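Below are structures written as structure tokens.
Heads up, the next two complexes both have chain A, just with different partners, chain B and then chain C.
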Partner chain A sequence: MISHKTASSSGRSAKKSKRSGRRSPLATVSLIVVGLLTTGGAYALFTSTATADTNTASSTSQSQVNEGKKLFAANCATCHGMAASGSSAGPSLIGVGSAAVDFQVGTGRMPLAADGPQAEQKPVQFTNSQTQAMAAYIASLGTGPSEPASKYLKADGNAAKGAELFRINCAMCHNVAGAGGALTEGKFAPSLKGVSSKHIYEAMLTGPQNMPVFNDLNIKPQEKADIITYLKYLEKNPSPGGFQLGDLGPVSEGLFIWIFGLGAIVAVTVWLTARSN
Partner chain B sequence: MGAAANYIDERTSISGLVKEVGRKIFPDHWSFMLGEVALYSFVVILLSGTFLTFFFQPSMAEVTYQGSYVPLKGIDMSAAMQSTLNISFDIRGGLLFRQIHHWAALLFIAAIGLHMLRIYFTGAFRKPRELNWFIGFVLFILALAEGFTGYSLPDDLLSGNGLRIIDGMVKGIPVIGVWISYLLFGGEFPGTAIVSRLYSLHIMLLPALLIAMLGAHLLLLVINKHTQWAGPGKTNDNVVGVPVMPVFAAKAGGFFFIVFGVIVLIASLFTINPIWNYGPYDPSPVSAGTQPDWYIGFADGALRLAPPHWEVVWGGYTVSFNILVPIVVLVGLLGTVAFYPFIEGWITGDKREHHILDRPRNAPTRTAVGAALMTLYAALWGAASSDLMATHFKLSIDQVIHVMQFLTVIGPFIAFWITKRVCLGLQKKDREIALHGHESGRIVRLPGGEYIEVHTPLTEYERWTLVSFNEYEPLMVRPNERGVVTPLERIRASISGFFFEDRISPVTKAEIEASHHESHGAIEEGSGGH
Partner chain C sequence: MADHDDEAPATGSAVEKSEPQKISAGTAVIPTDPFENPGEPPHRLRITDKDPAEEKKAARQVSTLFFLSIIFSCLAVAAYIAFPIKEGDTGSIRLNNLFLGLGIALGLLSIGIGAVHWSKTLMPAQEITEMRHLTKGSDATRAKAAEVFELGNKESGFGRRSLIRNSLIGAMVAFVLPGVVIFRDLGPKVDPNVVLRHTLWKKGMHLTIDPTGTRIKASDVTLGSAFHVIPESLLKSDDLLEEKAKAAVLLMRLNPDDLHEPKGRENWQYNGIVAYSKICTHVGCPVALYEQQTHHLLCPCHQSTFDVTENCKVIFGPASRPLPQLPITVDADGYLVAQSDFHEPVGPSFWERDR
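Moving on, here comes the complex of A and B:
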């Protein structure tokens, strides 16, 4: 089922790139057949041999890897190279692990929309299973950090501990309330509001864009879970003081008092003295 | 009622004062109420602040938080931070009072700023009010000090970062800086004394000074009487307006409650300084978007704009020009503001009393200097939010900083030039209108074939406001009684030339009459076409 979808989608992208049409209309059908045969064969192979990937928490199949390889070749290889070993346009992905793929592709940062100071988030381009396939393929190339176990993603840890860790390790770029902040040369730390627990965990683990890596020795998995707990607490519990004005601190407060506070009061003064004009 | 009043009067002789103050006249204009806004905000600050002192503990003793805010439970912090959190979460109405206090403080200083701009641009600081301007400036500085000490009291991360920046600035002053810092903090930063020291300043010394200065400010206001706009019947020797009793007092009393109400409304709807997000102060973390409250922003911006590596090592001592230059710029800016009335008085040599306000356009150079200083202030102020401008407008923070550096240095000159030209242009237009009236848009063909546009003549009232202003001419360099031209006198003459060489003279009576005769026939014939 999955492979069927994949084959047709890669067929579509092939059609786009080669519009001159030296391919017969049967090409798509034959591709599907080939896809089904290979995945079927791979499945048979998989059941008889133990998986080589011991790193990933979720089990991956050879069929997934193959499917991922195709998706990779069609969507990522231009920059990262056919063998994912990198080119002048993009880094090698050998050993980055499935967590990195799931984060970059799963948040829509990859494939890259345009060259810029850093990869911007955009609507996600692949389905979850496609992302998983690419993650499986990249993970098969070399050992790297894998996607987190779901027990760390439940946001049921110690929020106070997480808040403290967040202030010490994350707030200098992401702001104490996770509202984001500026980095040099147009780069920035994004807002963490609405980011899924899994992606927060993977970002810490893999250090995307300009973010440093916080590996499991640096911040233990349970501590990562605490940080997620804190961020989810902030999301779930609006400020006890009322509207947050973007959680940006004194700048938005100052703008607010000048524009709306003093603005309202000046309007009142004009009203109070209007008669004599 | 009468008996009670009599009882009090026989023992205090207060009726004289009531009669005097009650019959004080206040002119009515919206911009005359800005100082009142500051005064009323201050009253709100005093009331809400008193409530907060009942519960705040100005101590840096270490405690473990066990209050009701979950993401801080079990965290070590100072008693000051803990008590502020308790005010926010565990004392009924505490958070509202905290937010009222803080929002009112922001409004207080914003109102002072707007009030100062009004006084400046209308020339209300001229003799006999120079001293009151200076007292007002001292009030402004005291308000900044009150704001900063208050901002530092909760001992949260943001306030600690702010104190660290001040500590760095103080330490950047050669020779005495480190001594002052150690004296201030009772040892190495942050120490365990600073919160209680700032608390003493915040609730005793600074408010006492503020109230004393405020008293002097208001007393001088009463003694000097209020200024007024030029207008028919308004002269330099009278004040046209309403008496304090009963109209003005009623209006002012109502206005106090409106200001109070606006503050409470804002405080009940909008979070300010969420210390629970910032957490307790710890010297290691600094949050992104760490800024001071708006009124200290210009100082923070000055530091941000100083080029990096502006340091030299002289004889083993580092001299930090990246701190000293901003300090010099800030002191220069504030010093100019503080002494401006005396500077302008010296330049004009005008010893007359002025109770009629200038329209900003009628003092082009003063207005332009004001615009230049505002631009400098705004560039420094804006630079304090350079990081947020970068993230919110998708810019590079480096570019933002460079643009702000450019604006800080060149912006005031551009603002000066543009403002002066605009003022002179507006004066020319006023002159045109005063002489020839408003353009009516009605074109009339004369019997001889000539086309003219009919101008609607001004009423006396309209013309009055357009023609009554002072004209200054550049001072001539004159030798003193010993026949010597001092260098100071030369400087004064050249500044005076700079101020007044470009000027538009007010329309004279003779000119009005001349223009009236000139166009009289045309208007007569024009109105014949009705």
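Moving on, here comes the complex of A and C:
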């Protein structure tokens, strides 16, 4: 039985060697691919170690960029293109800077769930280090606004000055109390309550989606810090006027008084004129 | 009316004679059984009328409400003392106002509810009918009034002395004339065409950032940016708010390829940087909701939407004219300056606008 088996297997191997003797036409191609990958990989390894050696002081390491590149290829490249140069489905990301990535991914707006009037906030999909890796990769493609220094994010600036700047530059869309508001065709300016200082700063700096850009020459870093101070002041201090009703102004206040105020008057009138039992 | 005079009806007993109507029926259906006055419903006794225990209970309820009112008023005073307004603490104002107001409101409400409850449950509840009175006075009164009037005319000579009468009428008419003439003050003090047609902008005026008044370098206005702009001389102006209301400008940078400038206005922009009046041409709200991807400018008051790429023409809403454009260029140092004032009045229409 055993001999029979070996005989049959040897017969098969004989057939195989007969075929390889003629050499497949794909062999050359595969050999070239293998050769290129090995040399290219080795080259990449050498250069990356070289840059890592020179850039030890920099916060973004080459390994972080590589990690970001992988994450980008897996999660973002469908719309933004493999080289992040954009496609018909998404804009080019070359030169948008790490601040834009940290804002869009860090608030859960990207990756986009569905095409709509605007990218809406969702639960954040990446860890902080993954976001930083992608930010490092995008920043390596071209210079752009980078993430703000932490000294501007402490909300310890001048709230009154920040309020004036907010009224001039932001309140028309975001509402004077930062409660948000409607724009055209289903777009809206989101509420700024509970948004982290860093994300507020980055939004001003990069102008995500339809928000205009307020670069550091328009609103200076310290002025941005003042605006953040004002918004954080609003969050921490109760409204002296009582119920805020969403801070939406005449819409919610009018609705409240029409339903509850008028309702109470109607109820009292019915009670006054009803016969006692 | 005249044939009722001889009856001289007593007050409260006016009765109109009811005669069968003699109007041609035409195609109308005249019911044979006219609606009859059903009279008043039978008097129904309340539970407090029937049951002395319920009456006592209601009386207790009313007095309890009045006592509650006393308690609430005292609580309002106590809250005023317990939650003082502290300087610089807005939260303390809120607490103070809330509890003081609640105490006073509930105190007054308890009095009101108690009074209504009292009248509804304990005071007499008989239905009564009050007939309407004639508005006309009795004939005797009317004759007396006419007599007094005649006597007045006779003694004063108002009907006879026509010179006195006519000069008095003239004096009365002239007396109200000053009141009519001062209505002129409601109109514009100066020609609106002078005030509304011109703003602080003029040739060479620097564009500066609101509110600091910093000059703007053209290179600082990056793609997608929006700057809120005031003329440089505004901060030194005497009537700052009035001038700002006319001269406020929104500065935006678009891709120059996106701009479709009409003939003769191609050089009003600088490398894709355009400046438009921020005052809506509808009723003058500040239009500053700029969407940097769609290039739409939205007015928050009535949703007028302007397309910046098409020279701010109206694409939605009640505004009837595009926003006026401010022609801009750069000076020798690269700072943005105005080429001239606006070429048309900013803001909403006014009667004298097309004159």
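Basically, the second predicted complex is superposed on the first by the 217 of 277 C-alpha atoms of A that agree within 3 Å, B and C clash if a C-alpha of one lies under 4 Å from a C-alpha of the other, contacts with A are read in each partner's own complex, and residues count from 1 in each chain.
As a convention for this text, a contact is a pair of C-beta atoms (placed from the backbone, for glycine too) under 8 Å apart; a residue touches a chain by one contact, two chains touch by 3 or more.
All figures in this text were calculated on a predicted structure; none of them were measured in a lab.
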Combined model on chain A where chain B meets chain C, clash or fit: clash
For A:A135, using the defined touch cut-off, is the partner it touches chain B, chain C, both, or neither? Pick first, second, both or neither. neither
Once the two complexes are aligned on chain A, which partner has more residues of chain A within touching range, chain B or chain C? B
In the overlaid three-chain picture, which partner chain does A:T184 touch, first (chain B) or second (chain C), both, or neither? both
Could you tell me if A:G242 is touching chain B, chain C, both of them or neither one (first, second, both, neither)? both
Regarding the shared-chain residue A:P212, is it in contact with chain B (first), chain C (second), both, or neither? second
Quick one: classify A:I168 as touching chain B (first), chain C (second), both or neither. both
Is A:L272 touching the first partner chain B, the second partner chain C, both, or neither of them? both
Identify the partner contact of A:L262: answer first if only chain B is touched, second if only chain C is, both if each is, neither if none is. first
Where on chain A do the contacts from chain B and from chain C line up? 164, 168, 172-173, 181, 183-185, 189, 239-242, 272, 275-276
Flag every residue of chain C that touches chain A in the complex, lowest number first. 44, 46-48, 90-91, 93-94, 97-98, 116, 120-121, 125, 209-211, 217, 220-228, 252, 286, 288-294, 296, 298, 300, 303, 305, 316
Would you mind writing out the residues of chain A in touch with chain B in their complex? 117, 159-160, 162-164, 167-168, 171-177, 179-186, 188-189, 230, 233-234, 239-245, 247-251, 253-258, 260-262, 264-266, 268-270, 272-273, 275-276
Which part of chain B faces chain A closely enough to touch in the complex? 28-34, 37, 70-75, 88-89, 95, 99, 103, 106-107, 110-111, 114, 157-158, 251, 255, 258-259, 262-263, 266, 268-274, 276-279, 282, 284-295, 297, 384-388, 390-391, 394-399
Which of the residues in chain A come into contact with chain C in the complex? 164-165, 168-169, 172-173, 181, 183-185, 187, 189, 207, 209-215, 217-218, 237-242, 271-272, 275-277
